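I have a structure I would like to understand better, so I am pasting it below and will then ask my questions one at a time.
Order of writing sets the chain letters: A, B and C. Residues in each chain are counted from 1.
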């Protein structure tokens, strides 16, 4: 075999620096930008987001598009969907398209606002409890435990009985009065976990004030958990509201919501199924989209799944 | 020669109550001192209390008993301003490079965090300082805007060092700083620490279970077992002439690169169970495993005695 | 351990007391009372007699104390005002049987089948079984129970008359209600188990078990199931509360004489004794199930040492 003659000057020493040795070849990015990028890759979650935006769009503009008022009664009673009434009419001749979207406003607002309020209240309560520690923490958590021992719906039923007016604010009040407990527990648990994190210890050794530790280290690291929790609570609130209205304890006429529409359509289910179909479909789709989006959000924000 | 050591630890005790009757005596009466520009190495098995000692000194946990003197002053008597100054002067490098950096902060903010507490630099000055520190630890300035998850373990540890150096401390507790790193990186980090120490005359408490590395960096070494110091001497002396049975067993386990030497040396094996730090037995804590144990060892706890030339050991046999 | 149970049981009574008090006072603040409809057209004196008979003319706190006395001395919660002569405790006992039956089977089936689905879904991740089961799960979690019930009722009774629309008394009456009520727990447990099993399966000890040569079935039984069931247990308790709410609706849709529908009617009728009785009952069951779940949790997870905390 002919051994190729490899002269030294065929090789140029590239050199190697120690720092280059473990350089990571990845473009730099912030935590939130990276999460957004991963979210975008999840097509199902994006689809859910688009669907939500469409639904919200219609709740805002739907009633104006079709040209009927949601209260306007006519003689076209119980008509099936047609070119004139896109979703059909109800037993009083009211256009269902308009009613569904007006009802949607109520349901979605209650869902989102309810979830946001209880999350904020729960987060603040949980943080205070975690920081206070000791006896204060024990007492605060005892209260949460006691409230959590009561079946949620029982409280809501009783509270709704007390409320005379049927507006959105009173329903919201009833829903929020006990809904903050799971969030409080969650946030407290997170903060306690973070409190023993090594980088928090490092900040303490550096002499950083407690306030700065909280705002700079603990809150940002808790945010992702809170946000995901919020997204999952929204369908829960939409459901609670529709349940209440369905059994007649929630929104009352003349206001309407998806739950109310479903309830009214219950009797006519066998004859005019479309009356039930649209509100039920909307409830289902909205809850579904929030859940799917929440799934995607949780996966995107979880650093362990980073690829 | 310094008039007095920078850090003096006197009979430090750190107990953790588990329940009303059970107490973990993590640190049970430890004393030593470290002068400026010197490194005191603290070695021992996992769970012997070395990390806890370091944390007690810095005040991360409040010592159950004992005194810690910084430059002659008792740190428990400090007022707020003095405590803040102590925080500036006493820093720590942590064991786990993956956990000690906030994943949501940029490297630059991490390094600046301490500076903001103790100094008042303008933004330009702070950025300049960050650049300086990065190059001091051997990293280029483009690392400043990156995030911890983009760095390797060795790089993160260097950031940890940079963060500690940023506040210009006089005393640094290095808590197993190389345990989580590759062997090649370990040497780099230790050399970096030594280089910085030469320049700034820091006092180091170097905690490790890596016996060969500790020898390289330490001036004196203390061997801990179950919360107490069993032997303390200058590093060359202790490696050459270990006196306490535990130290002898420990050092006999250090592998030597030359395989012939390994076959030749006698390996001292320790029999018996490691007692739990919760119900420490009467007498010498090591007696259950000690091949030379006598009756007196089971009854009386041995104290550290100077056996000549500042070589101290706690054993009844010596 | 026994100490812990005793502590929790005492705690349970304490909470029940608080809940009862709050409910009692809340209830007397709602507009309307049980007798309004009954006495509307009666002369004043008769009205007064009615009110006196039920003690509704006394101040609320006095009524409350009398109520408590009744429970502790005679074990009774009074008579239903709406249905005079019927004791609240008897009514609860009678009607909770049917609710309990449906609810119990629904949760049991939901838990068992949902767990199974979750395991299958995780082990066949991203393959067809996973996609189908995850789809079912996500629908089950998102579609409200009354929608499901209405749709199923429509499809399975009217369109294809397989099952009776409503009524009670024979096994065939239980099929639809149980089906409707179990969908939501089934979906929830599928999702929880799936994510939990995915976490466990990636652990090193599973790889070790495989390397040891353990059969797959054994690995699932001995390692995977035990370790991944814990998160599902934590939601078992709250799940029971959800089943209560489901029962309210299901019983009305399918005309089942269960406690749920009686609770709803007593609420609308303002039948105070019945409302209080049912509320206490439901709360007690709920707290009891939370306690049972916590005990199960300790039994299964040796890492938890209740009562021995630092």
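We take it that contacts are C-beta pairs under 8 Å (C-beta built on N, C-alpha and C of every residue); 3 or more make two chains touch, one makes a residue touch a chain.
These numbers were taken from a predicted model, which means no experiment stands behind them.
*Asks:* So which chain is farthest from subunit B, going by the mean of the CA atoms in each chain?
*Replies:* C
*Asks:* Quick check on this structure: which chain has its C-alpha centroid closest to the centroid of all protein C-alpha atoms?
*Replies:* Chain nearest the centroid of all protein C-alpha atoms: A.
*Asks:* If you tally contacting C-beta pairs for every chain pair, which pair wins?
*Replies:* Going pair by pair, the biggest contact count turns up for A-C.
*Asks:* Provide the C-alpha centroid distance between subunit A and subunit C, rounded to the nearest whole angstrom.
*Replies:* Centres of subunit A and subunit C (C-alpha means) sit 24 Å apart.
*Asks:* Using the average of all C-alpha atoms in each chain as its centre, how far is it in Å between subunit B and subunit C?
*Replies:* Using C-alpha averages as centres, the distance is 56 Å.
*Asks:* Where the CA atoms of subunit A average out and where those of subunit B average out, how many Å apart are those spots?
*Replies:* Centre separation, subunit A to subunit B: 47 Å.
*Asks:* For subunit C, jot down the residues that touch at least 2 other chains.
*Replies:* Not one residue of subunit C touches more than one other chain, so the list is empty.
*Asks:* For subunit C, which residues are in contact with subunit A within the complex?
*Replies:* Its residues touching subunit A are 15, 18-19, 23, 26-27, 29-31, 138-139, 141-144, 146-147, 150-151, 153-154, 158, 241, 244-245, 248-249, 252-253, 264, 267-268, 275, 279, 282-283, 286-287, 290.
*Asks:* List the residues on subunit A that touch subunit B in their complex, please.
*Replies:* Counting only subunit A, the residues touching subunit B are 18-19, 22, 24, 26, 28-31, 197-199, 201-209, 216-217, 220-221, 303, 306.
*Asks:* Can you check the complex and tell me which residues of subunit A touch subunit C?
*Replies:* Residue list for subunit A touching subunit C: 146, 149-154, 157-159, 161-162, 164, 235, 239, 242-243, 246-249, 262, 266, 269-270, 273, 276, 280, 283-284, 287-288, 291-292, 295.
*Asks:* In the complex formed with subunit A, which residues of subunit B make contact?
*Replies:* Touching subunit A from subunit B are residues 58, 60, 84, 87-88, 90-92, 94, 96, 99-105, 113-114, 117-118, 138-140, 145-147, 149-152, 154-155, 160, 163, 167, 185, 188.
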